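Reviewing the structure listed below.
Chains: A, B, C and D, in written order; residue numbering restarts at 1 for each.
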Amino acid sequence: MPIELHDLRPVLAPLISALCAGGVFVMGTSGRWRAIWSLAAAGLKFVIVWSMLPGTLAGSVYIFRVGEILPGLSIAFRVDAFGLFYALVTATLWVLTTVYALAYMKGSHALKRFFGFFALCISTTVAIAFAENLFTLFLFYELLTVCTYPLVIHDQDAEARRAGRKYLAYTLCGGAVILAGMLLVFHSAGTLSLAEGGILGDVDDHRVLLLIFLTLVGGFGVKAAIMPLHAWLPAAMVAPTPVSALLHAVAVVKAGAFGVVRVLYDVFGVNLLKSLGFATWLGYLAGFTIIAGSIMALRQNRLKARLAWSTISQLSYILLAASLLTPAAALAAIIHLANQAFTKITMFFVAGAIEHNTGKTHIDQLDGIGYRMPWTMAAFTIAGLSFMGVPLLAGFITKWYLSLGALAADSGGFVALMALSGLLNAAYWLPIIYRAYFRETGIPQLREETPWMLLAPIGICAGYVILLGTGAQAPLMPFSLAESAVRLAFGLEGGIP
Amino acid sequence: MRKFLALVLIAALGAVLIAAVVNLPEPGTTDSPVHTHVSAGYIKGGHEAGGADNLVTAVLLNYRAIDTFGEVTVIFTALIAVLAATSLAGPTERSGTQNIDLKTTRVPVSPVVSFVVRLMAPFIATFALFVMLKGHELPGGGFQGGVVLGAMLILLALFSGRTDKTDDEELPPGLRNWIRAAGPLVFGALGLTGLVFSGWLFSLPDHPFWREMVMIGLELGIGIGGAAVLVGLFRALREG
Amino acid sequence: MSVSDLFDLLILALLITCVLGIARVRDLATAVTLFAIYSFVLCLLWAHRGAPDVAMTEAAVGAGITAVLFFTAIAKIGRREK
Amino acid sequence: MSAAAHGLALVVLVPIVGGALIPALFRRFPTAAWGFALASSALTLAISISLIRRLLAEGPFSYAAGGWPPPYGVALHFDRFGAAIAVFSMITLLVLIFSRRYIPAVVPIARIPLYYALVMINLGGMNGFLVTGDLFNLFVFMEVFSVSAYALVAMARGPQAGLAAIKYLLLGAVSSLLVLFAIGLIFAQTGTLNMADAAGRLDAAASIVPTALALGALTIGFMVKAALFPLHVWLPDAHASAPAPVSALLSAVVVKAGVIGIIRTLQTFSDHGSLQLMPLQSLLIWLGAIAVLWGAVAALVQSDLKRLLAYSTVTNIGYIFIGLGIGSATAASGAAVHIINHAVIKAALFLAAGALIHQSGLRHIDDLRGLGERMPLSALALGVALLAVAGVPPTAGFVGKWQIGLGALETGRPLLMGVVIVGGLLVLTYGVRIINTLFFRPPLHVRVVTSREAPPSMLAAILLLAASSFLLGLAGKPMLDFVAPAILPLTDTG
């Protein structure tokens, strides 16, 4: 049993971003104050979240209870290994995204609104990570929907509004379905607290369990963009690039995946799910999404659209891994939260940098871009290779553990699926890299590197992708955190088999 | 078709209502709950405790004074409502021959009618006052007296031959507003004096003399206030 | 059946006649007149049933004031039902 | 007899006498009526708070008006439903504050005192209705607040308001008649008008037919007042065409009287041995469910902002009746809390909408595009209140919906839970549409660009209500605990 410590930090971390949002809304007309507030809050939050790492690794759990708003429904925060892992990814990427966004968005309209809601998004994301119970999770999950909406329709043209409508329609319906599931859980279990090993152990009605599974996984699956609930994500591409990065790499889609994993491990629990067999179907659906998403990505010419479809595909790795219910696969699921986030955000940053620098948005315009922006495209190459599963890069770790987990679960078919997916990834990333470096344009390419405020975050992310692939086992790296999360979920002592 | 439906609906409704009434305790039998429970208490204690020979008045002004307070408020509110609703449109210009503007084109009043009305007015007014003042002993009371008084004033306005004014326009407008509110206000006063003298809101004094005085005061308030409201309604309708 | 009962029946018959008349006539002034008659008959009924207070109110309000107010309103809107 | 008990009669006396004084006092200085009305409603609020303090200390208590012991006199009775008077007085106070700048723009100056008089009398009638323990007294005060409400609707300009008021008046009069008829039936069977006394004596009545009919007539009568589907037809017209503060008052407070009337009815009849309330309760559930969906769908297709809000009242009344019909402790307490929470939310909605409409002179949703830029605070308040009315957690609207949904599950009605959630989702749909229009669309109308933020008196009321409609959601647990003892008589039957 982990040691529970009452601590202010679990609530402080989301609060800081909320405060920052307040500051931006009040004083944000001036660009300088916007930058100061955003950077200060990002940095402070980064420190706070990291400061909880040693304690969590040592096996303690930080708790802060805000209060009960309805009988049985309380707002409470609890930092366990899995939550902290997700929060770490978010806090780290927020710092980078803030720097990037400050440079990228310069001169756009409604910046006060943009940075205000940007900060709010991060606030809610960390709150989701630290949610002690399903209600708190749901609360901030919905708030996240509300806060990202102004970002999605930032451009306020017809296309943005259409995308925003679609986004809201999907996510709000998803939210309503989660609410139904939550009512069912509360009714049948009497509690909503997330607990290792699940809270539904005493429920015997198979139909109720199936209904809970469908509503909760389906509801969170909307944001996790599992097919056929994915259609909002490619549409949401119209948002400014830092938003796309935020939506696709950190906040929104990960919140969905995080929610599904929480439901599987902390609401149902591994043992109950194994006896029920629902998760197998989720696995098949996720497998289908991996392949179908990749095939769709192949057909896109717009860079951001290809990234979006690839995200759909990549996210289902997490769901697939989680649904296998073996410790190694679970490890893959958790690590992939970070792997996919850093890799994908690198790509989005690059896509944004290209658009910002050259105005090019389509893949067939990218001939020779590698000479114009060598550092930028180098980062892109690293990310692409990582997705393909080249060893020593982050993506390989996921694939490795996922395959191990699939074998342990006697689902060898998924190993072949991994291989196929790697091939498909190669099929849609390699042409871009090829174009960038080996296609002659006829016109001599001038060196025109990305401004440093954009380049620095790109470089750091790319570096991290390498770090995740090579030094994952080093102490204080998130890998050990993921391991302890898996140990908690599976009730294991010692190492992962 | 609609007519038929309406008929069916009314017939069904009527059947239900009759079924209910038929199943009620027989009216007039002495052992029905209406007579044995609360009413019996009123009949027993009405003269002494209720302080009025007319038990209806005892119930209205004493036992259930707060109900009567509500009722006079409804009457007052009705006047406010009509004033608020009609005058907003302002004096409207109307066209068409069938609309008669009472202010300008009046049906000529026969001198005989006019004379009779004027002759009768003092007697009607006296009767109204009598009904109000004696309401606690004999049938009648503030409501009835007020209506008679109001009817008399309207009658005068219609038939006295004067075309421009109702009688209450003779009063200064400030005073008129006070008189119209007389009903709720006397009850407000009763509420407070009751609290001061006998410890309960809406209670009458124990001393028989003062109780009678208070009752007369209430009846006059209800009556004169009611009459003013009625004349006000008439005026608002005529002008609005 | 006593005389008193007969009186009651007569009054009830009158009431129903008045009500049907009110529902049928298209001329508003006639309807109001019928309504006043209805009230007055009702007043008789109250008096006969031993409720003089109610009877007085009915006579003054139902047959008196209400009719006057209705007529005033009809003078404004025209007497034919449209 | 502590001083607080007198307050039970004073919460009725003070606003009504205050209201009756206004036309006489302020004939010469019409605009000064505002301060007087404000003071008397503040006094009423203070009295009702002292009543609640006594309630918390000693439990429910009665006051014999005139010193006559029940059943001879009229007993006023204060229980936890009656505690709603504090909220209603508070809302009236805020509506009055809002009216300061709003009413002179829509009502001719000489008639301003009439408006304030009507609002005060309405408050007095509501308070009387809520605290009385006597059937006939209930009817009398129902008439007091109804008549003033008809008049308040008619105060708006234009022929539409007049027609709406007439429609409201006709249906209201029929419903009053039904209630009166039922009271007559009860009196004929029991010989008493005191509710508690009558409840005890109904069982001994000779025949069950009149009792059942009385129950039916009371239910239908109060259903009209509460605007429960399908008897809601008067509501959209009346609430859309009335002046904004009046709409707020009607939608937030006055329709709730009908709901409380039904609660009182159920309480009175719940002791009856042979009369089963079950069929009535399932009827309420069905009508409530249809009302939720119908109100939400009808609101979706409205183009007029206030009409849309009026239909949202239909939806929310549906929610309350679902909760009452389910009758389990969870659901009934949720419904009881939703009475209060919806009052606050709806007042916020109508006042914020009123401010937007008033400042811009436009009332169609599409015309209001981009107004959030010019009137950020009012628009923000409207947005918060819209989220609250949709029941987004943790706003005030969530409390009732959660409890009612949970109650539906507890009593084995999963489909009803579906209705609760789908209704919320539909409400959210039009909420988002309005928020979108206000904040994320470029102005279409030149008047939007020239609009200015509402004056401080309006803003104060709006912001306070909007903040409450958020914060009350966080206070869900204490509120549920507060109403818990009061709903026990209801749950016994369910």
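In the analysis below, a contact is a pair of C-beta atoms (placed from the backbone, for glycine too) under 8 Å apart; a residue touches a chain by one contact, two chains touch by 3 or more.
Small disclaimer: the values here were computed from a predicted structure and weren't measured.
Minimum number of contact steps separating chain C from chain D: 2.
Here D is the chain whose Cα centre lies closest to the centre of all protein Cα atoms. For the pair chain B and chain D, the distance between mean C-alpha positions equals 30 Å. Rounded to a whole number, the gap between the C-alpha centres of chain A and chain C is 80 angstrom.
Rounded to a whole number, the gap between the C-alpha centres of chain B and chain C is 18 angstrom. Annotation: 45 Å between the Cα-based centres of chain A and chain D.
With chains as nodes and touching pairs as edges, the resulting graph is an open line. Contacts between chains, counted with the stated touch criterion, involve the pairs A-D, B-C, B-D.
Contacts from chain D toward chain A in the complex involve residues 387, 392-394, 399, 402-403, 405-406, 409-410, 414, 417-418, 421-422, 424-425, 428-429, 432, 436, 439-442, 473-477, 480. The residues of chain D lying in touch with chain B in their complex are 1, 6, 9-10, 12-13, 16-17, 19-21, 23-24, 27-28, 63-68, 71-74, 76, 107-108, 110-111, 114-115, 117-118, 121, 124-125, 128, 134, 136-137, 140-141, 143-144, 147-148, 150-152, 154-155, 157, 162, 165, 181, 185, 187-193, 201, 204-207, 209-210, 213-214.
Chain A makes touch with chain D in their complex at residues 67-71, 73, 75, 135, 138-139, 142, 146, 150, 153, 156, 161, 164, 168, 172-173, 176, 179-180, 183-184, 186-187, 211.
Those residues of chain B whose C-beta lies close enough to touch chain C in the complex are 54, 56-57, 94, 96, 98-100, 102, 131, 139-141, 143-144, 147-148, 150-151, 154, 158, 230, 233-234, 237-238, 240.
Considering their complex, residues 52-53, 55-57, 60-61, 64-65, 68-69, 72-73, 75-80 of chain C touch chain B.
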